[in-house]
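The two complexes that follow have subunit A in common; it is paired with subunit B in the first and with subunit C in the second.
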Partner chain A sequence: MSPIKFLTRTRNGRSLDWTDWMSYAYLTVGLFLMFGPVLWLVASSFKTEAALTEFPPSLLPYGQKAVAVPGEEKPKPVYRVKLPDGTTKELPEVRRIGLVATHVDPAKPEEFIRVNVNDREPVREFRLATENYTDLAGKLKFGTYLWNSVFITVVATLLTLLFNSMAAFALSKYKFAGRKGVFLLILSTLMVPPAIVLVPNFLVISELGLLNSLWGVIWPAVATPTGVFLLRQYMLTIPDELLEAARMDHASEWKIYWRIVLPLAAPALAVLAIFSVMWRWNDFLWPLIVLSKNEHFTLQLALNAFQGDLVTQWNYLLAMTVITLLPVTIVFAFLQKYITQGIASAGVK
Partner chain B sequence: MASLELKQLVKEFGSGASMVRVIHGVDLQVNDGEFVVFVGPSGCGKSTLLRLICGLEDATSGDILLDNERVNDKRAADRGLAMVFQSYALYPHMTVYQNMAFGLENIGTPKAVIEKKVGDAAKLLRLDALLERKPTQLSGGQRQRVAIGRAIVREPKIFLFDEPLSNLDAELRVSMRSEITGLHRRLGATMIYVTHDQVEAMTMADKIVVLRAGKIEQVGSPLELYNRPANKFVAGFIGSPQMNFVPVHAGHGDTIVTAHNASFTKPTQTRPASGTELTLGVRPEHLSLQAADGALALPMTITGVEQLGGHSLLYGTLPGAGGKDGPRITAQVAGQVSTRIGDTATVYASADTCHLFSTADGETVVR
Partner chain C sequence: MKSSTARTPWFFLTPNLVIFGVFTFLPIAINLYYAFTGGVQLYPKDRPFVGTENLATLLDCGSYLDPASCKKDIFWRAVWNTAQFSLFQVTVMVLFSLITALVLNRKIIGRGFWRGVYFYPVLLSPVVVALIWKWILQREGVLNAVGVAVGVPQTLWLAEPGWAMFWVIFVSIWAHMGFYTLILLAGLQAIPADLYEAAQMDRASPWRTLTRVTLPLLLPNLLVVLVLAAIKAVQTFDEVFVLTGGGPGSATTFVVQFIYQTGFQEQVRLYGLAAAGSLLLAVALIALTLLQLKISRAEEAGERAR
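Take a look at the complex of A and B:
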């Protein structure tokens, strides 16, 4: 089905029924509500600082046209100037004192034209302020923050998968006294609000000397009851006969876990990996507590630090917000099938 | 190549009040190169017995001797047996080749040797063209052969089969049956085969072990079991359609009297006292529509007829006490019949094909 055909489907296949009107209206409003702010953010991140403070705001990023003027270092902003003879002309401004601005025609740079600021208006053009992004690299230690975020996310996710799957393997495939008790204990930690364990966690991390270390962010996040639960439920569906066959095939218990159970639990592992990436990437509170040195900041912390007490450079802040959103968006876009499957199978979000 | 001996083997599950004994002191001797079939109704403990032998379950008491060596405490892998599971238990993420090579890789077999062994087994089982496929891309019969191949490459002392054909359709089951017996002949290996299907047991076994509720009821060759069942249970379990059972009692001398007052003479070694309740067993294929001297006449009211061309099956009931329907009777007669439902037909059982069982304990009185 072509996209056009798909998007213009109707209930009875011919004319628009009133239910079609309703559904399309509902969907449009929904789309606008959900997607509008994101679009606004992305559009705004391409605006110059001046355009951001403009009122009324424009949807698309417009910037004032600027041209190079001989003898001047920087490109100068262009205005549409009403000349004394009544004609209008687009001329760059070289300086402005009070209400009088001095313009010059780049073709005749020796000739200055003075006009009242009320007799001119800025020439605007569609322009993406890509410098918001390109400047970021040099402006802050953006690379460091990105690396910190990526390191924490990747390492914590790998460790989460490893530890949770080992716990889930034991809980689903071994019969030992207290198996149910251990499982209930793990599950019951779900009922403890994170705010309550914040202080004990901090004390532990502090005693271990992991404050201001990325590992201090990683370790407490590695064991998740949700992950153990999700993987255990999935592993229960792997037939025991496979494990018995492997045991008869001289496979060690580790080998059974590594070569048989892990590959077969791949769908559940994928779901947990997605969740873990989202959790770790978006995590704010715990990194904020553990990491206080600027060079250890994650992107989320850097974003926060960007909002100064007196001045906030909104153009950079918005650009950085967009970059921070990207990985999670990409993960979502490509793996949404697994995410819905995971939510359906484990009832978590 | 190996022999197996079970001595007073007991298996209990659970503990305390919830303890269940599933195997009640089993003694069994399996000789080298024998094809032994464990058969019995579901829940009789035949699969548990197999799992005890291969080491996937620990025996509660008793001994398992493999080549006269006690292996109770050996791990499943170290006993040198190979099992073909009911579900085949093929690793779904591995190719056929990897499935068959996995066990050899785990004991550190050199790659060239693995390739040769897997290649040989694949050729034997006609799997050569399928080695790169995943189990999901195979048909039921092919999966079955891969599972057998996985057992073959390990060159086990004993092959164990746990209801390997129960997931196949009827046609495939027949062909796989002869394939497995053919394999047994070629390899000359000891095989133990578990099934609930008495036809499989009859057609494949050198020796059948009939189990009921964790106890061995009888051990013997297929025809021994058919001709001389040790008790009513074995008699009813072996043979299809099932043996007919008619309540009778001992009369004077060697006469046996049925509930509908028909009688015939059947000499017994241990002559039961007159009036002793007995159960007469006669196989459907031994009933005939032709009267013969000294044969027991069974007048049956026909309730169903199945015409199979070569032979016909008549289902009916004997007259019971007080005008009620008596015991059900199935007769398999040669050729085609014109009998209809509701008719009365008399079938005859000659004395030498009749079995007598004690009604009290089901033990055979005489054949």
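Take a look at the complex of A and C:
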């Protein structure tokens, strides 16, 4: 069997026909379109500020080499300079006036070498500008933004799991007057888009004294119709006999919920946890309204404020964007199966 | 099941119901109140009742087709922008989602991987999505670099009204099509395999199988996806807000941005006008939701009949 034939063999034994080739071509274009922009962002985030302004941009983080010069604050760009004696040498530029650039040898900083800008070319090297990331630690209150995002995400997710599972437990394991009505009422909130109640919710939050507080973002978010629905459907599959047996042993209702139903609902709780983490981490419009002070910004708000600045420092902005998409990407890489299953079963994102 | 302790279920329901009450149902009621009161005060008691004045201001138009003839021209610009955006975004996105789902439903190697490729952008935050594309579309961006290489002059893609709308639609499709692909794929996989076997037995061509078996059976799913996508599209805000800020001018200002700007960004915060805008948006969304309910009810009835 020829290697080509072997490689193009399909599961049912026939070889690929043109429709298969079309499919793979379509998918490959999709791969390029969907991942390309994200990869470009990541590659760009490792470029130096100078390399980012180059046009056309280089594919990989190539940039002009820069070295420290004694007596100068910032590292200086290095050029391959043709010296008057005909030899070439790699020297950093300290200043440039018109067509004349002044270079200096870091070993002999007192000696200036003046050359015409046509007699030199920049020295380029492959270098990952990891300082875009490491500098963030001290800059722009990055740590505060990160902490705010993490705090909101973690606390809101824990409360979401607790409150929604309690409601789901009541709706799946008790018979009481008004059960169907409550369930429909909760589901009906799915149809209330956040944008519609923007103004009045702002009033509610400010009356509760939660403006510019992380709790003002957390509380409205912790009761979700999706979560109640997802957990209720799962808890319906837990046999009632288990609960009855526990009641025979005089277990309290809370203990039945906490010790029996919750552990058994773990798979559904995991799906909801993943969803909740992504919802809260990515939230934008509501935090934008509640949190107006810089020190309460989440990463998303900081990115938005930062990109609107008159002079955008793209090197830091890109690095911060990469950090912001990192958690979601990790969740996606490891838990894709659960996410897609959750969406297929609940029909909501 | 046990009903002796009648209060127990309510104990478990309380946290959820309180939160829904305070942050969803109460605001709906307040929103109505806001829509019919004026002034710039946030506290409801300080607001004078103005009846339908807010709604009248928004709806005061020489001709609804011409925003310039309207009292609140920015609102009608936003309405028409949203309509144009939704029309193109929804139709093109659902078309591509359908094609992608059909391809993913074939016997292909690594289906899980390919499905993930299209789904990944769905998980990204709107701010991140907007920044990724802003970086690509900027003057010295990679798109212009490719363009210059093939002879297209350097363009400020987001500074020309037509192009800005195009890219806003493009980016929105990029970010959301994976979700609808997933739903359509689930629908395709629910079609019984013996129908395809029967079609093969009858020597139906692939095209005939698609148009006579697959698409008719997928139609209910397709309709639900169309309405769901429309409900989302009408509410588009964050990606566009970060990507273009609604500009250039008001070329990509949508209805939710109008509400946000009127209520929260202007010096004079006209909460009543913003709430009236929300009310009109809600009417459009209720209409779409009723349409969806009708479709899914028809679908259920059809399933029972089968």
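A few remarks follow.
The definition used in the following text is that the second predicted complex is superposed on the first by the 300 of 349 C-alpha atoms of A that agree within 3 Å, B and C clash if a C-alpha of one lies under 4 Å from a C-alpha of the other, contacts with A are read in each partner's own complex, and residues count from 1 in each chain.
Note that a residue touches a chain if its C-beta (ideal position, glycine included) is under 8 Å from a C-beta of that chain, and two chains touch if they have at least 3 such contacts.
Quantities reported herein were computed from a predicted structural model and do not represent experimental measurements.
In the overlay built on the shared chain, the residue A:Ala137 is in contact with neither subunit B nor subunit C.
Residue contacts after overlaying the shared chain place A:Phe284 against subunit C, while subunit B stays out of touching range.
Looking at the shared chain after the overlay, A:Arg247 reaches both subunit B and subunit C. Of the two partner chains placed around the shared chain by superposition, subunit C is the only one that A:Ser206 touches, whereas subunit B remains out of contact. Shared-chain residue A:Leu198: touches subunit C; no touch with subunit B. Once the two structures are superposed, subunit B and subunit C can be ranked by residues of subunit A touched, with C on top. When the two complexes are overlaid on their common chain A, residue A:Asp20 makes contact with subunit C while staying clear of subunit B.
By the document's definition of touching, of the two partners only subunit B reaches A:Leu264; subunit C does not. Comparing which residues of subunit A touch subunit B with which touch subunit C, the overlap comprises 244, 247.
Listing the residues of subunit A that touch subunit C in their complex gives 10-12, 19-20, 23-24, 26-27, 30-31, 33-35, 37-38, 40-41, 44, 53-57, 162-164, 166-167, 169-171, 173-176, 179, 182, 185-186, 189, 191-193, 195-204, 206, 219-220, 222-223, 228, 240, 244, 247, 253, 257, 278, 281-285, 289, 300, 303-304, 307-308, 314, 317-318, 321, 324-325, 328-329, 331-332, 336-337, 339-340, 343-344, 347, 349. Partner subunit B is touched in their complex by these residues of subunit A: 239, 241-242, 244-252, 255, 259-260, 263-264. Those residues of subunit C whose C-beta lies close enough to touch subunit A in the complex are 1-3, 5-6, 8-13, 15-17, 19-20, 22-24, 26-31, 34, 42-44, 99-100, 103, 106-108, 112, 114-128, 131-136, 140-142, 144-145, 148-149, 174, 178-179, 182-183, 186, 206, 231, 235, 237-238, 242, 245, 256, 259-260, 263-264, 271, 274-275, 278, 281-282, 285-286, 289.
The touching residues of subunit B, when paired with subunit A in their complex, are 54, 56, 75-77, 81-83, 85-87, 89-93, 102-103, 106-107, 150, 154.
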